[in-house]
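Pasting the structures in now, so scroll down.
Below, chain A partners chain B and then partners chain C, in two separate complexes.
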Partner chain A sequence: MSNSEPSVRPATRRCLATTSLAGCFGCHMALLDIDERLFELIERVDIDRSPLTDIKRCGRCDIGLVEGGICNAENVHVLREFRRQCKLLVAVGACAINGGLPAQRNHLDLGQCLQEVYLTGPGIVHGQVPDDPELPLPLDKVHPVHEVVRVDYFIPGCPPSGDALWKFITDLLDGRTPRLGHPLLHFD
Partner chain B sequence: MTIVDTLEDGPTCDQDRLADLLQPVLARHGSDPLRLLQILRDVQDDLGYLPPAALTSIARAVGLPRARVEGVAGFYAFLHLVPAGRYRVLFSDNIIDRMLGSEELLDRLCNRLWIEPGKVSEDGLVSVDRTSCTGMGDQGPALLVNGRPLTRMSAERIDRLAELIRAQAPLEDWPAEYFAVEDNIRRRDVLLGTRWPAGEAIGAAIARGEEALLAEMSASNLRGRGGAGFTTHVKWESARRAPCREGSRARYVVCNADEGEPGTFKDRVLLTAHPDLLFDGMTVAALAIGACRGLVYLRGEYAYLLPELRATLEARRRSGLLGEAICGRPDFTFDIDIHLGAGAYVCGEETALLESLEGKRGVPRNRPPFPVSEGYLRQPTVVNNVETLCKAAVIAIRGGDWFAGLGTRQSTGSKLLSVSGDVDRPGIYEYPFGVPVNQVLKDCGASDAQAVQVSGPSGTCLARHEFSRRIAFEDVPTAGAIMVFAGHRDMFEVARNFAHFFAHESCGFCTPCRVGTALVARCMDKIANGHGSQYEINEIFRIHRLLHAASHCGLGQTACNALFDTLHKFRPAYERRLRSLDFEPGFDLDRALAAARQMTGRDDPAAHFEPTPAGGR
Partner chain C sequence: MDARSLSIDGLPVPFDDGQTIMDASLAAGIFIPHLCHHPQFTPQGSCKLCTVRANGRYVSACTMPASEGMEVESNTPELNDKRRTMLQMLFVEGNHFCPSCEKSGDCLLQALAYELEMLGPHFPQFYPDRPVDASHPDVLLDFNRCILCELCVRASRDVDGKSVFALSGRGIGKHLIVNAESGRLADTDFSLADKAAHVCPVGVIIAKRRGFAVPIGQRRFDGEPISRRVDWLARRRADDEEEQ
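So, the complex of A and B:
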């Protein structure tokens, strides 16, 4: 790599991590919709922790993409790991940004919910609320990502299209402030 | 059984009886849809609130869709679609009232009455809530009971108030001194220091003739006193030259007496002490632009001034200063009507005010066209502030050159300042433009000022090192409010009060303002609750830029001014509240697991978050 042309962007490889918290993996499916541009992507980035690599812990990264809101203790731990390890954290999709579909439970009382599902619902005999320490406890409310950690960027959409994700990621990689513009923010 | 009780029966309510009740109000206003807001106000005065059946009847009578009528009724804070209690107590919630102890008094009253703020008592007797500044900053803490202002509240007065309400004593029987509103004029200059006989300005204007009058206005270089500082004669000339719509010759003079900017009360004093000068000014403006009708838009908080103002108008009609052939000039016909607002700060914006005058929701219009070409009823209209019109009357008498000799080059004449806060002598001070802020502070007895908020929450916050700056359009412009904060005041709380004011008063029409002002208020609350971080500070700056660039009207554009200023000049007041310099959640994460812990009976380490998270750093 030569420094002879300071005006030219250095072609350093970047590191990317992704995760799906309280989401449906729809945003990750949308990422796959960039199709053959996946080859270009892996030319330019190493992919660390992600459902695509099945790597379980996140190392130091440049960009972290977070799909889904925060509905339980494990979500919080994963999110904090991403915030700690990623220089830029991006909330991807409606659930990460607003809580989305999982947040529909926010107007219900969690205790009553668990009681009805595991103890008093129709057809339940000798019910018990699961208490295995392996299971993460649910939070009383589902929160958008930015209410739990600082978030640097947001990509709206349910899900954002592959084109939108590609535009956003390449903007970040190329040093431009990401800007989707109207066609990529237009859903109907 | 009262009328309202029968109306609450809903579907079974006796439509005929309701019609009998509405009839006099509708007749008084000629069932005119342009007077819808006035009709709603009057009906509410009779019934206590606006029941659904009444809205239906009113809609039918004025010939508007019911949704339009409900839309208007739902827009204004002083109109109620559900019963709000026979005694409706509203505490003025400006920071100045708070500094005088309004929150403690509100709690005290609620305790005495066994009610929660914002909720009606179970017997439907009383409700206690907050409202935006009622324009009594020099004699607070102030409140409104059923629309009437009470000043200088104290613990003793609040206790007595609770007794009077519980005894259901009519307002007329309450101690008269509770309702006393003082003028508190502390410094008089050319306007306040002179006696201006009613009609003198009109006589002088007629003697000069329209062209010469406009020339005097031009020479005076009078600029609007409502805050924006637009040159008055340009407005008048434009309205005079603007073509009327086909088949009409109507032009209008509108007086903006919707003095909603917190901390401002100089128009109240002018309306009390110099109403004839104001009406002279409106009549002079009418002569200049060829208008035959004038409208005063009086803020709902000042409704108590209405009887006196109407009496003044009546006296002027009798003495030939209003009506036909004014001052003996046969071709000069002009009359003035007063419309009341109903608790909406945004109506101080001139196009929102025009919408409200037309009986609609107070949503600002697109500009251009400006009111001078398409104003009230889309006809050429001059909208001027109370003080501007008073000054115009004075100019008609004394001439433009005399006026231009006062003040500074770009800001001619004098300015009325409403001074309140940590000062020995709050009240009205009239100075020639160009007066340094520290002169004002010295005169009003503000020995320990650390900050001065000039021109209300939408204006400028000055710190000590700026007190040598001058009140003038070319330096520190102002609509008239000077709020003084002493060294022991917390400037963060001042800014937080302003943030909530704008979130409450956003008209909801444009998204940047509706959402942005709410987000800013939420950021400020998060910081106040000890969950704040640098992130919120960055957010406030980001939203400030967005609101400034993208809001539909001045409300959103100026909504973060005070935060922006205090963040620059009083940053430690914010920083000492921050929990970290990066980010903290706005809620307790560990407590968010409590319900699940209880249901599962778990208390293992994985069922908790560490108190101070390593993450988020």
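So, the complex of A and C:
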């Protein structure tokens, strides 16, 4: 191989995975809010498991973005897979960080919740609590991601803005410590 | 008599007799994080967010009298780390779901979390069960967000002369109570005109039907971080909390 020509290697490509657990996909929508910067993103990263690619299993990745908290058994499995496969695991959004909206059920009894929603609530006839074995079992309480696995970074917001996500991701890709100052850092 | 002064992070700051470190810093426009302090009320030094090192010793800036030549360290990574940890403990002890909180953007707890770059709670969440009290026609009490700063207690007792609020219990069981046999706010003489209705630094004492009159994104600390609102913090009066 000749050394005479300067190599035009693209900057190292990184691999990114994303998932939505007990979330509303708002954080993923916010990621799409980076608009035309998506083109730059896919120049710089390969996207592995993600609702954007529909890949179902996560391979080795550099960055894993996790939206949503942990409300059922499947969430736990997916989260553990992400932790195993991703060098950096990032909790994205209010639900991943402190349980968010789904965790508002935490002071209620789960059995009573299911009863009311599926059996005794207004307008229900011949109700039945779903028990298909395909359905993941709900957890007694909703938990934030950091209570189940180690988390490397947090991006707060409900959802974080596209600008905040972009700042964070480009900081990481460029080798800077990610930092969200005012006004990108917000909890609402 | 010569003007007396201390230093905060190396800056000379004048003070008058009887002033605390916090008084002097607020007058000089220097930001020291604080939650339970309010310039209109006797300081009680309970939240410890204002912890500084004065001549090498940890003290609460809001209760420590200023003294000549005192060297105060405040904005240091070490102190800010400790403050961030205290904030994280306050967040996990209650239920702080900011996206649904009417105080979001105007909240001192949240603004300090932004200022000190608190990104996550670090500790496990307590998820305490604290039912709200919506009994009063004009005011909602959402105990989920109470940080036990006692500003409402002080305002109701010392300014309104009503003693509507008190803290009860000890340690982690400590909580805010309402002074009525039923425990309900509706059964007190509390009114929206009380000072105590306007001092809560977080989203516990909420005026009904105001909600999101100022949209999220246009609120006090959305525009500027709290460290740049020292003038507002210093001149705050219980009756003009609503003023931007």
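Things to note:
Here is the rule we go by: the second predicted complex is superposed on the first by the 165 of 188 C-alpha atoms of A that agree within 3 Å, B and C clash if a C-alpha of one lies under 4 Å from a C-alpha of the other, contacts with A are read in each partner's own complex, and residues count from 1 in each chain.
In the analysis below, a contact is a pair of C-beta atoms (placed from the backbone, for glycine too) under 8 Å apart; a residue touches a chain by one contact, two chains touch by 3 or more.
Treat the numbers as computed from the prediction; the structure is a model and nothing was measured.
Following the overlay on chain A, a clash is recorded for the pair chain B and chain C. Contact with chain C, but none with chain B, is seen for A:P144 once the two complexes are overlaid on the shared chain. Contacts of A:I155 after superposition on the shared chain: chain C is touched, whereas chain B is not. Applying the stated contact rule after C-alpha superposition, one finds that A:D131 touches chain B and leaves chain C untouched. Of the two partner chains placed around the shared chain by superposition, chain B is the only one that A:Q115 touches, whereas chain C remains out of contact. Look at A:G175: by the touch rule set out above, it reaches neither chain B nor chain C. When the two complexes are overlaid on their common chain A, residue A:G123 makes contact with neither chain B nor chain C.
Once the two complexes are laid over each other on the shared chain, residue contacts for A:V76 go to chain B alone; chain C is not touched.
Once both structures are laid onto chain A, the chain C stretch out of 132-140, 150-158, 186-194 or 204-212 that overlaps chain B is 150-158. Comparing which residues of chain A touch chain B with which touch chain C, the overlap comprises 141, 143, 147.
Per the touch definition, chain C reaches chain A in the complex via residues 91-92, 96-101, 104-105, 110, 113-114, 117, 119-122, 124-125, 127-130, 216, 222, 224-225. Partner chain B is touched in their complex by these residues of chain A: 73, 76-77, 79-81, 83-84, 109-111, 114-115, 129-131, 133, 136-141, 143, 147-150.
Across the complex, chain C is touched by residues 91, 94, 97-101, 103-104, 106-107, 141, 143-144, 146-147, 151, 153-156, 158, 179-183, 185-188 of chain A. If you check the complex, the residues on chain B that touch chain A are 533, 535, 582-583, 585-587, 589, 592-602, 604, 606-607, 609, 613-617.
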